[in-house]
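Both complexes shown next keep subunit A, but they swap its partner, so subunit B is in the first and subunit C is in the second.
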Partner chain A sequence: MKTRRYGIIDRQKRRMLIPFLLPALVLYGAITLYPGISTFYMSVMDWGGVGDPVFIGLDNFTRLVRDPTLIKAAGNTFFYVVVGGFILFPLAITFALATKSLRRGKLYRFLILAPIALSVTTAALLWKFAFNPNFGFVGDVFAALGLEALSSWEWLGEPSTALFIVVLASVWHGIGIWMLFFISAIERVPPELREAAILDGANAFQVFRHITFPLIWEMTRTLIILWIIQASQAFGFIIAMTNGGPLGATEVIGTYLYKQAFVQFEYGYAAAVAIVLSLVVVTLTVISRRIGRRGEGVEY
Partner chain B sequence: MCGSTTTRRPAPTRVMSRLVLHLALAAYCLGSVGAFMWYLMTSLKTNTEFFSESPWALPADPQWGNYLDAWNSGIGGFFFNSLYVTVLSVTIGLFISLMASYALARIPFRGSQALLILFVVGMMLPAFGALIPLYLLLRDIGLLGTLNGLVVVYIAVQIPLNVFLLRGFMVSMPRELEEAAYVDGASPFRTFVSVIIPQSMPMVVSLAVLNTLNIWNEFVLALVLLPRSESYTVPIGLLGLAIQAEYSAQWVQLFAGLILTSIPMLVLFAIAQERIARGLTFGGMKG
Partner chain C sequence: MNTARARWAVAAGAALALGLTACAPPSTDPTPAPTAGGLSGTLEVVSYHPENTPLYDRLAELAEQFEAQHDGLTVEITFGGGPGMPPIMTRYLAGDAPDVNPTLGGQCPNGELIEGGLTYDLSDALKSDFGDGGTWEDAIHPAVRSQLDSWVDDSVCMAPESVTVIQFFYNKKIFAEHGLSVPETIDDLIETAAALKSAGQTPFAVTGTFAFYMQLYWDYLMLRHVGAEAYTHAIGGAQVTREPIPGERPLLADLPGVRDAARDLERLVSDGNILDGFRSTDFTAAQMSFFQGDAAMILMGSWLVSEMADAIPEDFEVGTFAFPVATGGAGDQATTIGGVQGLSVAADAKNPEAAIEWLKFIGQADVQATYASEFGAISGYKAAPAPEGFEAVVDMLADGEMQMMYFGLLGQSAEIQAAIHEPLTQLFFGQIGADEMVTQMSQRLDAANG
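And now, the complex of A and B:
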C-alpha cells in the first residue's frame, strides 16, 4: 500500500540500500559473524597458531570433560553465579524499593550507580588494595570493630575467601544497573493495586510479598537468566584482582579459556571451551527472550 | 508518593522501618564513598606515609606531584590512546549504525526483517565466542596491537545494539519531514543527513554517552588485541602499572593514576546520569 503511494521515492531510496547497509554489514560480518563461525571450525582442530591445523574431530570436546582444571573452573564459575546472584538480587530489589520510597532516594541512587563509571580495572584494584592486609583499610575497619583475627587476614591470598571477595567487588561495581532494572519493573506495577492493599491494612512487607513481587516475578526471571549469562562470562575482575589464583581458587571458565588461548596457545582446545560457553550463553539468552516476550508487554 | 502513604499509616513501625532502610542505604553508600576517599587520600601521600601511617591519616603534605609522576609514568600515553580509540570508534560506529538503521527502518525491501534478525543475533554472541579467530584475523591483516585495529573492532561490536535501538527509534519517527524533503527534490543522502540524523538526535546522544562509557572502560578485547604496552588503553595500562607496582613500590603514583583516569567518565556520569541510566537499562537487556 505504502509502496504504491510513494513508489518513486521508494525506488529512489532503494538505490541507497546497498551503500547504506554495506559498511555495517561488512564490519559486523568480518568482526563478529566470521570469527564466531570460525570458532566452530577451530574447535575440531589441533592447532597452536603456526603451521597447518590438524583435524582431530571431537577430541577437544572429550578432553574438556576430563580436564580437572576446567572442571574446577566450571565449579568456580558456578559459585560466582550462585553466590553473586544471592547477594545481587535481594540487594538490588531492596535498593530499588528503598530509593523509590525514601526521601533522598535520588542521592542514594546516584551513589549506588556511580561505580559503573569506573573501569573494571579501577573498581577491581580499588577493592584489591582495600582488602590488602598491609596497607588496605578493610583490615583497620575490622580492627576497629575488635575483630583482630580478621584484620590481618589475607582476603585475596587465601583460597577460601578470594573468590568471595572478587564476587563482592564485581557486585558492588554493577549493582546500580540491576537496581535500575528493578526500578523500571516496579514502576510498571499499577499503583492502584498497592494503594488498595494498603487501604486493606497490608503492611509494607505484605504489599511487597503479595502485590509487587508476583507482578515483577516474570521480569525477575528474565533478569536472573541475564545475570547467569553475565556471570558465566566473568573475566575482568578476576584478571585484575587475583589472575585466577591463589592455587586456581578464582579460576573461572573465561580466564581459563583466555590462558589456554593466549598463554598456552592451544587455540583448538580454547575454541572448544569457547563453543561450550557460547552455547550455554546463547541458549540462556533465547530462553530469557521467550520469557521476556510472555511478560505483560514488557518493553526493552 | 511517600506523602500519601505516610499520612494513611503514621504507625511507629513504619517510621522504624524507614529509619532502618535509611541507615542501611547510608552505610552502603558511605562504604563506597569512603573507599573512593581512601583512594583519593592515598594518591596524595608519600610512599613512606602509605605504608607507615593509618589508612585514614590525612596526607601530611599533599603530594600533588604524584599526579604528574603518574601522568609521565605512561598514563598520559594510555590516556591519549583511549581518547583516540573512543572518539573514533564512537563517532564512526554511530554514523555507520545510523545509515544501516535508516535502510532497515525507512526503505522497504525484501529481507529487511531477516537482516534485522541477523543484527540482533550479534547482540547475543558472547565476546569469548569470537575472541580467538578475531585475534588471528587481526594478526593476519597486520592490525594486531595497533590502535586502528582496536578502533575497527570497537566500531563493529557497537553496531548490533546501536542498530537495534536506532531502527526502533526511526520506525516511530513521523514521516512528514522526510517526505517533504523528497518532494522538494532532495537526494536520499541529503535527506538522511539533514532530516533523519537531526530527528534521531535524542537517541544518538544517549547511545553516544553509553558507547563512550563502554569503550573507554572496555577490558577483554583491549587485553587480547593490544599485546604491546605502547598501544595500551587506560584499563589495560593501569593493569600493567598495578603489576609493576608490586616490584617498583610506586603505589601512591598508581593511586593517583587510577583517580586521574577515572575523572573523565565520572564527570560524564555526573552530567549525563539520566541518559546513562536509560541507556544501561536498554544496553543491559541485550544480554
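And now, the complex of A and C:
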C-alpha cells in the first residue's frame, strides 16, 4: 500500500488545524458524544435518580419487548409519522402551488404560515377547546350542518379518533414552514420547462406530474426524512392535548420516555427507550432514503 | 420530548448521581438539628401554584410577614407544580434543592430521596418548643402526626400544612329544587343520581383524562365493601405501608366484596350519570362544570373550593357529604380517604434554620386560622378552627384514622398503576362491565407484582 509522506509544512499545517478545531470538538463531545455514551451506560443500569446505579445488563431491553404500553406507543408513533406525512406533504405542496398562482397569494401564504407564531402549548389548547364536546365550536358546526352524531362525538375522548385529531393539530400548526420549503423548491424549477410543456398541450396536472414534481423530488425526499425525524419525536401537542390518553391511544414513544424518566423516575429504562427511539428514527430514515432512491431526482 | 433532550436529562442525572455518591454518601442517621441563632440570608420556598393564583398570592403574603419577623431574611418563591416538578427533582439530585418543598398527595417526597439522604429528618425538630408551652409534635392532630413518618426508614419527612379529605361536594340549590337530601348509603346515592337524571340534571362531574380522580370512586367503594388492609395487600402495597402486611398477597378478584364494589361503581357511572364529554374533559373543566351547575355532585378533595375560588359564582351554595356507607359492607364504613399536605426540608438546604422556622410559622394558629377562613383549608394543627362544613372531619382527625389518598398508588410502579387505571377507565368509558374490570385488574396486578 502506498502511503503519502507529509512534509514539514504539511505537518505544521495539520498542527495549526488542531487549535481551530478544538472548541468545536469540545462542544461536540460535551453536547453529543458524552450524553450519548452516558445514555448507553444508563440503559444497562437500574437507577431511580438517587444512590448508586446497579448494573443489570440487558434487562431494560428485554423489558422493552414485553412492555405492552411501549409496543402500543411505538404503533402510535408509526401512525403519527405515516398519517401525518400523508396529510402534510400533499397539503403543503398544494398550498405552495396554489399560493404561487392565485391572486393575493402572499396573503394566503401569510395566513397559512400564521399558526407557527403560536407556541405549541397555545396551539394545542386552541384545538383542545375547539373539540371540547361541551363548549367547542366544532360540535356546533356539525350540529349546524345537521350532523348530530358527529356534533356530540368526543373527538379527543374516543381512543379511535384522539390520535388523528392530535396529528391534524400538529400538521395545522407546522404546515406553513413545509409550504415555504416547497415554494423555494418550486421557484427553482426553470419556468421555460413549464412553459414548453404548456405549449405542447400539457394541462396543469400533467405539468406538475411530469415537470415540477420530478424536479422537486430531491427536496421532497430530504423533507420526508426531516418529517420522520420530527414526527418520531412528537411530544408537545400530545402532552398538552391528551397527555397520552384516552387509554393510551395517543401515547407515543416520546411521551412514554418522558413519563418513565420524570414521573416514574426510572432513568435506566428511560435511557433504553431513548436508544430504541434513536434506532427507530435511524431505521425509518434509512428505509425512506432507500425507497426515495427508486425515483432519483432529475438534474437540471 | 426529543432524543437529545432525553439524553441530556439522563446523562446529567447520571453525572449528578455519580457525583453525589462520590461526594456525599447517603446517611441514615437523623440530620442534626440546626443551631440556634438569628435568621438571615435567603430562604427558597417552592409553590405548587403558579403566579397570579390565590394560593400563590397567599404564600407571597406569608413570605412578607415572615421577612418582617426576621430582619435580614429574604424569602424567594419558586414555582414547582406540574411542569415545574421535574426541574425541582433535578435540583435535588444536583445538590441544589430548594430549602422548602411541598409534598404531594399526602405522601412524603419520593421515597428514593429519603433513602438517598436528600430529605431533612424532622424527628428532633418536632420535639422542639412550639411557642405554646408544648412541643411542635404535641400541636399536631394525632391522625395527622401518623402520616408524617417516612415509609422507608424511621425519619420524619414532612410537617403538616393542611389536611385534605376526599368527599362529595354538591350543589345545594339543585338538591333543594328536586327535594333531595344528602345520601347516606351507596344505594341512596344511586337513587339520588337516578332522580336527578330523570329530572334532566346530570348527577356527576368527573374528569376522564386523569385516572387518579376516577380512582377516588373505586377506592372508596373498595374501602367500604372490602376494607383498606385487604385492598392494599392485593395491590401489592407492602411498599407503601410502614409494616409489611402478613400473609401471602391475595388476588384482587378473590377478595370478599370486590364484585359488589365493582357493580356499585358500574351503577354509579353508567347510563349517562356522568357529564357529557367527560372523557376528554380535564379536571379543571370538570370542576368548572360543577360550579356552573352542569352537574349536581363532584367527588373531590377538600382543596376544591380554594382551588376554584375565583371561578365560583357568588350565589353558588356548596354542600359537602362523606362518601356514603355500604350497607352490610365488610369494609371500613367510617374511615375517610385523605392526605396531609406537608412541607419538607431538603437535607442540603442552604438555610435549614430558616426552613424549619418557616414550617413552624406556617403551623401557627393565626396563620392556620386565616387559611381555614379564607380558603376553607382543614388544618393539621389542633389549635386551628375547622372551616365551615368540615367540623366532623376535624373531630375525626382528633380521634381516628385516615386512609392515605390513592391507597399509595402514586408511589407504585407504572405497571401497578396501569393495572388499576386502565380497566377502571374502560369501565367509566362503558367499554367493559364490572366483572370484566375486576378480572382484568386482578390478572394485571398479579403480573405486575411478579
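Here is the rule we use: the second predicted complex is superposed on the first by the 243 of 300 C-alpha atoms of A that agree within 3 Å, B and C clash if a C-alpha of one lies under 4 Å from a C-alpha of the other, contacts with A are read in each partner's own complex, and residues count from 1 in each chain.
Everything that follows uses one rule, which is that a residue touches a chain if its C-beta (ideal position, glycine included) is under 8 Å from a C-beta of that chain, and two chains touch if they have at least 3 such contacts.
Bear in mind the structure is a predicted one, so any value in this text is a computation, not a measurement.
J.: With the two complexes superposed on chain A, say which partner A:P35 touches: subunit B (first), subunit C (second), both, or neither.
T.: Both subunit B and subunit C are touched by A:P35.
J.: For A:T69, using the defined touch cut-off, is the partner it touches subunit B, subunit C, both, or neither? Pick first, second, both or neither.
T.: second
J.: So, does A:L118 touch the first partner subunit B, the second partner subunit C, both, or neither?
T.: First partner only.
J.: Would you sort A:D52 into first (subunit B), second (subunit C), both or neither based on which partner it touches?
T.: second
J.: Tell me the contact category for A:M16 with respect to subunit B and subunit C: first, second, both or neither.
T.: The answer is first: A:M16 touches subunit B but not subunit C.
J.: By residue count, is subunit A touched more by subunit B or by subunit C?
T.: Between subunit B and subunit C, the winner on subunit A residue contacts is B.
J.: In the superposed arrangement, which partner chain does A:T255 touch: subunit B (first), subunit C (second), both, or neither?
T.: second
J.: Please indicate which partner A:L27 is in contact with in the superposed arrangement: first for subunit B, second for subunit C, both, or neither.
T.: The answer is first: A:L27 touches subunit B but not subunit C.
J.: Quick check for you: in the superposed arrangement, does A:G157 touch first (subunit B), second (subunit C), both or neither?
T.: Touch partner of A:G157: subunit C, not subunit B.
J.: Between subunit B (first) and subunit C (second), which does A:A98 come into contact with in this model arrangement: first, second, both, or neither?
T.: First partner only.
J.: Pick out the shared contact residues on subunit A: the ones touching subunit B in one complex and subunit C in the other.
T.: In the superposed arrangement, which is not itself an observed complex, subunit A uses residues 31, 34-36, 38-39, 42, 49, 128, 134, 233, 235, 254, 257-258, 261-262, 267, 270-271, 274, 277-278, 281 for both subunit B and subunit C.
J.: Which subunit A residues qualify as touching subunit B in the complex?
T.: 2-3, 6, 9-10, 12-17, 19-21, 23-25, 27-28, 30-36, 38-39, 42, 49, 94-95, 98-104, 108, 110-122, 125-130, 134-137, 140, 172, 176-177, 180-181, 184, 191, 195, 198-199, 203-204, 225-226, 229-230, 233, 235-236, 239-240, 254, 257-258, 261-262, 267, 270-271, 274-275, 277-278, 281-282, 284-286, 288, 300
J.: What residues on subunit C touch subunit A, complex-wise?
T.: Contacts found on subunit C: 1-4, 6-15, 17, 20-21, 26, 85-86, 89, 93, 110, 112-113, 115-116, 118, 208-209, 275-281, 285, 289, 294, 413-414, 418, 422, 425-426, 429.
J.: In the complex formed with subunit C, which residues of subunit A make contact?
T.: Where subunit A meets subunit C, its residues are 31, 34-36, 38-39, 41-42, 47-53, 69, 128, 131-134, 152, 154-158, 162, 233, 235, 242-243, 245-248, 254-255, 257-267, 270-271, 274, 277-278, 281.
J.: Residue numbers of subunit B touching subunit A in their complex, please.
T.: 1-2, 4-5, 8-9, 13-14, 17-18, 21-22, 24-26, 28-29, 32-36, 38-39, 50-51, 54-56, 96-97, 99-100, 102-104, 106-109, 115, 118-119, 122, 124-137, 152-153, 155-157, 159-160, 163, 179, 182, 187-189, 192, 213, 216-217, 219-220, 223-224, 234-236, 238-239, 242, 251, 255, 258, 261-262, 265-266, 268-269, 273, 276-277, 280-282, 284-285, 287
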